[in-house]
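This structure is in structure tokens; I'll ask about it shortly.
We just call them A, B, C and D in the order they show up, numbering each chain from 1.
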Amino acid sequence: MAGSKFAYVKNFELPDPLLPGTFMVLRVDGHAFHRLSEEHNFTKPNDERALQLMDHAARDVMNEFKDIVLAFGESDEFSFLFRKSTTLYNRRQAKILTTVTSIFTSSYVYNWPKYLPNTPLKYPPSFDGRIVLYPSAKDVRNYFSWRQADTHINNLYNTVFWALVLQGGETTTQAHATLRGTVSSTKHEMMFSRFGINYTDISPRYRKGSILVRMEIPPEPEADVEPASGKISEVIESGADPTSKPKTAKKNVKIRTFIELLHCDLIGDEFWEARPHLLSE
Amino acid sequence: MAGSKFAYVKNFELPDPLLPGTFMVLRVDGHAFHRLSEEHNFTKPNDERALQLMDHAARDVMNEFKDIVLAFGESDEFSFLFRKSTTLYNRRQAKILTTVTSIFTSSYVYNWPKYLPNTPLKYPPSFDGRIVLYPSAKDVRNYFSWRQADTHINNLYNTVFWALVLQGGETTTQAHATLRGTVSSTKHEMMFSRFGINYTDISPRYRKGSILVRMEIPPEPEADVEPASGKISEVIESGADPTSKPKTAKKNVKIRTFIELLHCDLIGDEFWEARPHLLSE
Amino acid sequence: MAGSKFAYVKNFELPDPLLPGTFMVLRVDGHAFHRLSEEHNFTKPNDERALQLMDHAARDVMNEFKDIVLAFGESDEFSFLFRKSTTLYNRRQAKILTTVTSIFTSSYVYNWPKYLPNTPLKYPPSFDGRIVLYPSAKDVRNYFSWRQADTHINNLYNTVFWALVLQGGETTTQAHATLRGTVSSTKHEMMFSRFGINYTDISPRYRKGSILVRMEIPPEPEADVEPASGKISEVIESGADPTSKPKTAKKNVKIRTFIELLHCDLIGDEFWEARPHLLSE
Amino acid sequence: MAGSKFAYVKNFELPDPLLPGTFMVLRVDGHAFHRLSEEHNFTKPNDERALQLMDHAARDVMNEFKDIVLAFGESDEFSFLFRKSTTLYNRRQAKILTTVTSIFTSSYVYNWPKYLPNTPLKYPPSFDGRIVLYPSAKDVRNYFSWRQADTHINNLYNTVFWALVLQGGETTTQAHATLRGTVSSTKHEMMFSRFGINYTDISPRYRKGSILVRMEIPPEPEADVEPASGKISEVIESGADPTSKPKTAKKNVKIRTFIELLHCDLIGDEFWEARPHLLSE
């Protein structure tokens, strides 16, 4: 066959499997989103439409990959947690990483007009992505706590900062100077005394970020389970060891799932204790 | 600082530098494009608008990354060649891979309406990506030869196949059966005798694929070099060793470049001999 | 400095850290030990002297690296388990892997005359090595169970096989034929009825392999803890997170340890429940 | 089969192939050889017996692996260059790395009494090892130049240093102080004027290190090629592409080789131009 003498170049493709039995966390981050938010006049300190668009893109990723059980988003980033036992694409790193990043990007651009109908996109925005492996459930919890703590720190800062600028009449340089070295309580005090903002009244979306969690619908006694809204997904669960391929698993059970959007605390135990399936196999 | 007790989770991010002194080839591939082409009624065997859209996305990638010197596209895939000495993102694999895949995807969705104005995109399309390292110029040439030979094989097959279906009235099953086991010359003969198609008359875009090549504009004697069309890019060239960071290079020369679109043969020597800079440092 | 223009070649050395928070198992395997055992007339089916030499080499490795808490050996192989939180050589793979393999090899050759004083070594024997990461304690237990089950299977086969050859007068070809397809109970029956061997009377070393376990000596109330035999080691324990370097840990406690040799079952729970420190941090 | 329920743990072993088409350089380094040389009273500044022992161990490695075409040693280290097209162990990194390091170690311990017959080895010495990939012949040359430049720098320093100590009566602290900041010419001058040492009279082994090079014996017209000394090896050469397995190569030619020990310059062109096979496929 023509071309066969060149086909040896395929031998330079090296395998890149991710270690079995570990949790994959894949995070996408906006590329140069500072500029994107400037050029499209995002509302400060938070633009709800832009955040809802991020949630939409994340939901599209989760609809495509049933082995993603949890996602957390803030600002221009989203982190996805895969089931520990996932065998998606045989755990090939580049394949998983690029496909998720691409779907997220595509959905973001595709759905932009739904969320910012009066703000035409001026150029194509993009994201980078990375996968980090976590061996234990504790490390996974700490990862998500790290991101939510980051959300809190950034949002607290940004809320006072933009109050100083938009309501207090400071320049951005002055506002940064005003806030330099202030601790959390000082910022709360400043918001309340100068601008009448009670931080806890601020939308939980801004304070806690967005949590998308895949919930399982308890299997019903056979009959009349109807697909309902089309938003219900099916996940194949197997009882097999974490490294086996789905093919070899004997008893698969179809579990119907849906995706819930939350803006709650996930640093404490409550969130995880109420959803033990997230960190099980 | 709040959150600092969780920050140790960053230690699980492992370095992933690509071997210096090697050519990176990054290929993006359409994810489920068979379905995409069906749902949006792409013309068979080739849809020129869709191919032009691919070229546009590839050009956007090359405009973003000046160290990409060559790209080759066919069907739903595009391959990008980086200069051997590139230090883009310190050669971090995931960063390069995801950023390029994301920009390509974003541009594809963003520019869709320009090329298929009467065909609204029904859902967000996506791509996967991979990076393969080639140590030698010879292997790089063979890689691109492999892809162009593949273009030829596929296009020849698809051209006869769709002639049999669209003009010859065969079902797709019949057409596959008709072609089973036929060699190249038989297909040429069949096209000509039954459908009056002279294969060499077919658009070189379909027969040879799309080649985007970064060309250098010879530096002019100082003055009045004008930016002209805005399509001219600048690349920093350094004479340093292949592993050094740009910072340490002493004599940088700004080289102005533009991107040329070709549909010519790249398997023979001529293409490469005329553009020796593609495979130099 | 002379040579500095060549030093850039160091940039081709890529980092190879092992994922934090996982158990490392490092296994060394004899290279062509079939020939070695032939050339040096090892006793069949087991040569106690050669096995003791393996144990000695493994013990030397454990004396060098306090973060190895357990080792299991059979035939010409030995597996070493590192504490999950080890930061030995910053978890650099090649460094750990080659140093352990080299020390094991060196000790084996160095101590050969102690165990086989009348059998001069005819040529230098060697070993290969590999590191496998296990994310969970359960997988680590199953790894060691896998090796001990292998010990049992091989020893049972070899014991009957060599009884057939050495006592039964069969050729090795005949003996393999006699055993083909036999199950475990048949082999036990054959040993007992034809050769009077009660398998459970065979030395536990041959049936169970060699287990080297690092045991901690409870810290005594300050004073007069004497080094005793010189076989007691000290390990620095820290309570820090699994990815921190020892330097940053604040409260280090020196724990004195010694290495115990066992030939017992490690597939059941008892072994592990009695030594919970093996699978803790 | 007993044990099969544990065998899934093998799935945690990940592939580690080295990029095809690149030169592998494997370097072994003595582990704590400062102490080894102290404890065994190595002659200062160079111990010829210990260096010959290193050469012997390197030669044993090259006799085992015919795809090693060159080795360079100095002090307690040795670097091995594999043919670019080697498919040894399918280019699996850990397998190649540990086997070579182990054979080197084993030979060093095994042959110690031949070179230092009156100095019993007090404990087992060890080495670590690493593999670095070089994509181009130029980088390979620069790697070896880097090591030989290092040999020169170290030997020049050590020669004056020990002359100051052993002949000049300085303490080691004084000698270091005397040499601080001196350039090469000053050291030459100091050696000659104070101790009558003409540096160029010093053994080339110390000044240039040890080069072991595999030389090919031109194939003779069939008949009477006699094996001679047993030191002649045979290498299978194939004309196939660099990624093919030996099995698939059609025309193999047995090439007889021997290993030559040199202490000459390899920084200049002469060495390489006289031995073009070292850097060919």
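To be clear about the criterion, a contact is a pair of C-beta atoms (placed from the backbone, for glycine too) under 8 Å apart; a residue touches a chain by one contact, two chains touch by 3 or more.
To keep track of the chains, here are their UniProt names: A, B, C, D = tRNA(His) guanylyltransferase.
What you see is a predicted model, and the numbers here were worked out from it, not measured in a lab.
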| item | value |
| --- | --- |
| Copy-to-copy rotation for subunit A (tRNA(His) guanylyltransferase) and subunit D (tRNA(His) guanylyltransferase) - C-alpha atoms, rounded to a multiple of 5° | 180 |
| Comparison of C-D and B-D by number of C-beta pairs in contact, larger one | C-D |
| Rounded Å distance, subunit A (tRNA(His) guanylyltransferase) centre to subunit D (tRNA(His) guanylyltransferase) centre (Cα mean) | 51 |
| Averaged-CA centre spacing for the pair subunit D (tRNA(His) guanylyltransferase) and subunit B (tRNA(His) guanylyltransferase), given as whole angstrom | 43 |
| Approximate Å spacing (C-alpha centroids) for the pair subunit C (tRNA(His) guanylyltransferase), subunit D (tRNA(His) guanylyltransferase) | 30 |
| Per-residue overlap in subunit C (tRNA(His) guanylyltransferase), given as positions that touch at least 2 other chains | 8, 12, 19-21, 133-134, 139 |
| Parts of subunit A (tRNA(His) guanylyltransferase) lying in touch with subunit C (tRNA(His) guanylyltransferase), wherever the complex brings them together | 19-22, 133-136, 139 |
| In the complex with subunit A (tRNA(His) guanylyltransferase), residue positions of subunit B (tRNA(His) guanylyltransferase) that touch it | 1-3, 6-10, 12-13, 28, 31, 60, 94-95, 97-99, 101-103, 105-111, 121, 123-134, 139, 142-143, 145-146, 149-150, 152-153, 184 |
| Contact footprint of subunit A (tRNA(His) guanylyltransferase) on subunit D (tRNA(His) guanylyltransferase) as seen in their complex | 8, 11-12, 14-15, 17, 19-21, 241, 243-244 |
